[in-house]
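Same chain, two partners: chain A is paired with chain B first, then with chain C.
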Partner chain A sequence: MEKRISPPRTLLRGVPMAVWMLLLVLVPLGYTFVTSFFQVEGLQIAAKVTLKNYALFFTDPMYSGILAKSMLLSLAIAVLGVLAGYPLAYLVSFRVRRGRQALFMLSIIPLWVSYLVRIIAWRTILGNKGVINSALVASGLIHEPLTFLLYNRFAIAVTLTYICIPFVFIPVYTALEKIPRNILEASSDLGAGEMRTFVSIVLPLSLPGLVTGFIFAFIIALGDYIIPQQLGGTQGIMFGNLIWSQFGFAFNWPFGAALSFILLAITVTILGLTSRFGSTEGGFIGE
Partner chain B sequence: MSSRRKRGIVLKAYGFLVYFFLYLPLLIVLVFSFSPTKTIVGMSGFTLKWYQELFRDGNLMAAFVHTLLIGGAAVGIAIVLGTAGAFFVSRASFPGKSVFRTLVLLPYILPGILMGISILVVIKALGIPLSPLTVLLGHVSFTVPVVMFQIMSRIARMGPNYQSAAMDLGANPVQTFWYVTLPMIRTAIIGAALLAFTVSFDEIVISYFLTGTWMTLPVYIYGMMRYGLSPKVYAISAIILLLSLALIMLMSRYTGRYAEVYRARAPKG
Partner chain C sequence: MAEEYAIELHGVTKAWGDVVAVRAFDVQIRRGEFFSLLGPSGCGKTTTLRMIAGLEEPTEGRVLLEGRDVSRVPPYRRNVHTVFQDYALFPHMTVRKNIWFPLKMRGVSLADARERITRVLRLVSMEGYERRLPQQLSGGQRQRIALARSLVDEPAALLLDEPLGALDFKLRGAMQKVLKDIQRNVGITFVYVTHDQTEALTMSDRIAVMKGGIVHQIGAPDEIYSRPATAFVASFIGEMNFLRGRLLPDAQGAPGAQVGAHALRAARSTVPADAVQTDVLVCIRTERVQVNSHRRTEHEMEGAVRRIVYRGTDYEVTCSVEDQELRAAVSAVDWDPSLAIGSRVRLCFNGSDVTLFPRAEEEEIVQYTTEAV
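On to the complex of A and B.
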């Protein structure tokens, strides 16, 4: 296909967006990358180029250990998100006739309900004097509150899975809706049962949506720092907290910038690898 | 046939469980906000006193107003930039267009911590102190892609023919935009504004890094949570919850494939 470039007048309309992008995306990310090669002297950031921030990350097993653990936990969360979100999307897309629009809304509303409120809700449910413990103690099943519910990786996994379900639902639902229904009829006419039809037709055709949802969930989980802070306790430190702490009490911005860049590299690599395979449309902002 | 039926029931039961998982926590927050005691078991009675206490908390009320201000300003800027950007990306062709599209999406796709930190690093390097303006910058970063992609999908469905027809009939570009394009994307703009406001309203991950002493509501609540979950936290959470729900309900009438249908059905005026 021949490449066409619009006349300058049309291109001029892109200037406001280009300025926005420069000021709020390219310069900040670029300068953070530059900062990751600086170092701290006293309480000042000195613009002396060094590789020691990256060296520290790759040599101290504590840091790479936290990253590995965070990736593993994020993987588990993404799997759980798919296990909850995919069947839900399948149900709404294929099995519901009346009230489909309402169920669709019901599935994505949690996406827009305050992130903080949802964290508060889960702290309330899992806490030592929380809903689950109070109910169990009151019913006489246990005498002491269960302590494994809050301030650990379990609590992080539950809450982040909860956050991720709508992010998985939307791309999967979009993919399922695109499957022409007459293919399913053909499959049924040719004698395939529902299970066979699902495995050989529906699942492969919805795979791009599934991959997109899985990736969204993984990235959301990997970049979060507030949920681990609120529900993770000391054993639930995630990579996001590690970055955060460099900008807080540790006051090592260049090291924090290096860690941020590592997170950026991981995120962009994953998005790049899957963009060919997953569907880019029907994403989470899409209609 | 009966095994198919059975599978259908299992799937529906599973779906019901997922909805239960999604909505029970929200319900619990609502219930707690009316509870005179802090426990849910043996909860007796109903009180509005936590809500009354909210209104007596001057700092919290100020934070609430700040959030509305930031949301309004961020949405206003995002509508102008996002709409212009949507037309630009949809209609202009230039090399590197797909890269441009991806870069626009970055503030929304990337983990919030990255955007918050990178904007913070730059404003600190420039010696700009944290202020309402820095919070606004953060919010403009992620509201613009929200608006742009909403409007882009409307433009894609609209196609270029209406504008060409208007131009052929002698309308100038301004008239074409005002009389043809704008009415057609009006509901998309309203929907996008509501969506962007909802996102801005409870954003914390980016705001956290860019807020000084001038706090938005989520940042203020986050500070309150350090001292445990007080009944006041539940009351303000319940208000946020209901406000978000109202915004989403309103938004769903304006966006999506059903918006045009809604518009056609709506009475004039």
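On to the complex of A and C.
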């Protein structure tokens, strides 16, 4: 009888998690959401409910233009990230026998290095006196340093792709590791060469991991504002910078909050549409 | 065109570094034959199968399929299919797509494929399951689909790696019959790996008994059972008594052995006849030993009952005889209920059921009884 009075253990175990979510996610998010309907008067945020922040976004083509450009660039980055991360995961999972652990660690070790340090590193690689230009000039292939390497969209794409590779690698690797090896033997046994086996068996079975990695990369790229700011130059403004500038320079928190919510809505929509195919566990489709 | 042999192994050896998994395997498997590889785990039977499939490359020797040397040919260019122990069905494909797979690899037309899939599903009694996914099927059903997938493009041989190992006892018995019927209907060569002697005995045309990478005997089931080539084969298949004795041929030089006070005649012996007085193993099947027989037999040994185990169709009576152990399988129909532990009994058998092996083979014997021989 006493047992019935105390709440079930599973419920108790969920309490810290719920508190955490409430304090660190839902409260700030709710605050931002409310703010997005306020307006600025002078240097004060006035609690007068208005839709003009959202109206501004939808009426001024500059904002939607930047959003479209950002999404396009993020899409390219996600594609590049998958093109780089998938073969890497395939290599580590299927081809390498000795030193596999080491290769796995090497693939995810960038995550342990400060984000800013990695950005600065790319600046020294791509810059006028950077690694690439110095090498090319020293070898006599070019006389003047290449200028298209840094402070443009190319630099953003390269660096963000690099940042995204581990986030593609991990879900793809997990999905590949889950494929029973005797299924590959069965495929070979039933007449499929390596290419056919990859297309018919490995790719479909690792698709959830691939989709998850793709979404990770896309969302990371779409929300980033430091890399465009550091390496993007004048043409490199992305939607993330727009939000950041509303909070930082313009001191228009309500408009920044509205932009944030537009980005969040897009992200959640994409997640919702693709969650059917993706999986953080890299399980099989239909499972 | 029609080769007599579907599969030939010539001195096939597989080694990983110093570890030899299979040593100099020679065999010729006829078309349409049901050939089993039997042995305890780690005996090299699966490795042999994988070399035929092409999933392992032999270190030495040649593998021939229908007369063609395929030792270095990859699995996808060999006209044989493997049925894996855990079925290895493609989890993301329906039953139909799984079975379609080998046909697609061979470029079979869609119409033709549809007909073949229908036919092979009927063969394994799985019509109506085309749209199911593998995880929606039971173990026995998956087994049938794996079989159908391997049969659908009519390979020269089917390689089965303990295909019934994961099924429960009753289902295994049913699937054995299904497999045997299918093999007879289709007429395809089966190479069947198992560690289950009953399975091998009931299904096979011929059996290769292996241990430690070495083939001990290749022969028909009755040959393996009644005329084992080594003490290992004798112990691995059926219930066998092993008595220690000394070689003692009779006056005409026919094989025989001295066990304690008894001079026993033996029908067969692998011990050189001139090695008189060397240590030998004297083998008699438990079902060939009778307890207190009314009929006259060639040999009789006095003993005391040590243990009685009821096994449904029979009783296994373990007796101590001449400081050794002799077991007799007594049919439940003939059971004398007055027998109890400690009873004095006569153990009767004929020399025609006795085989002699060199004592050196004693360590090869597989014993699952609690006490050593």
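Methods note: the second predicted complex is superposed on the first by the 268 of 287 C-alpha atoms of A that agree within 3 Å, B and C clash if a C-alpha of one lies under 4 Å from a C-alpha of the other, contacts with A are read in each partner's own complex, and residues count from 1 in each chain.
Keep in mind that, in the parts below, a residue touches a chain if its C-beta (ideal position, glycine included) is under 8 Å from a C-beta of that chain, and two chains touch if they have at least 3 such contacts.
All of these numbers come straight from a predicted model, not from anything done at the bench.
J.: Clash or fit: chain B and chain C on chain A?
T.: Superposition check on chain A shows chain B and chain C fit without a clash.
J.: Just chain B (first), just chain C (second), both, or neither: which does A:Leu91 touch?
T.: Only chain B is touched by A:Leu91; chain C is not.
J.: Is A:Leu73 in contact with chain B, with chain C, with both, or with neither (first, second, both, neither)?
T.: A:Leu73 contacts neither chain B nor chain C.
J.: Could you look at A:Ile163 and tell me whether it touches chain B, chain C, both or neither (first, second, both, neither)?
T.: Neither partner.
J.: Given the touch rule stated above, what does A:Met238 touch, chain B (first), chain C (second), both, or neither?
T.: neither
J.: Tell me the contact category for A:Ile201 with respect to chain B and chain C: first, second, both or neither.
T.: After superposition on chain A, A:Ile201 lies in contact with chain C alone.
J.: What is the contact status of A:Val211 with respect to chain B (first) and chain C (second): first, second, both, or neither?
T.: In the superposition, A:Val211 touches no partner, neither chain B nor chain C.
J.: Who does A:Pro180 touch here: chain B (first), chain C (second), both, or neither?
T.: second
J.: Which partner, chain B or chain C, touches the larger number of chain A residues?
T.: Touching more residues of chain A than the other partner does is B.
J.: Once the structures are superposed on A, label A:Tyr225 by its partner contacts, choosing first (chain B), second (chain C), both or neither.
T.: First partner only.
J.: What is the angle, as a multiple of 10 degrees, that the CA centres of chain B and chain C span when seen from the CA centre of chain A?
T.: So the C-alpha centres give an angle of 80 degrees.
J.: A:Ile262 contacts which: chain B (first), chain C (second), both, neither?
T.: After superposing on A, A:Ile262 lies clear of both chain B and chain C.
J.: So if I take every C-alpha atom in chain B and every one in chain C after superposing, what is the smallest distance between them in Å?
T.: It is 7 Å, taken between the nearest C-alpha atoms.
J.: Once the two structures are fitted together, what part of chain A is touched by chain B and by chain C alike?
T.: 193, 284-287
J.: Can you name the residues of chain A that touch chain B in the complex?
T.: For chain A paired with chain B, touching residues are 3-6, 10-11, 13-14, 16-17, 20-21, 24-29, 31-32, 35, 84-85, 87-88, 90-92, 95, 101, 105-107, 109-110, 112-118, 120-125, 127, 129, 131, 134-135, 137-138, 162, 165, 193-195, 219-220, 222-226, 230, 240, 243-244, 247, 253, 256-257, 260, 263-264, 267, 271, 283-287.
J.: For the complex, give me every residue of chain A touching chain C.
T.: Contact set of chain A toward chain C: 180, 182-183, 185-193, 196, 200-201, 204-205, 284-287.
J.: Across the complex, what residues on chain B touch chain A?
T.: 4, 7-8, 11-12, 14-15, 18-19, 21-23, 25-26, 28-29, 32, 38-42, 80-81, 84-85, 87-89, 91-95, 100, 103-115, 117-122, 124-125, 137, 140-141, 144-146, 148-150, 153-154, 195, 198-199, 201-205, 208-209, 218, 221-222, 225, 229, 233-234, 237, 240-241, 244-245, 247-248, 252, 255-258
J.: Okay, in this complex, where on chain C does chain A touch?
T.: Contact set of chain C toward chain A: 53-55, 74-76, 81-82, 84, 86, 88-92, 101-102, 105-106, 133, 135, 149-150, 153.
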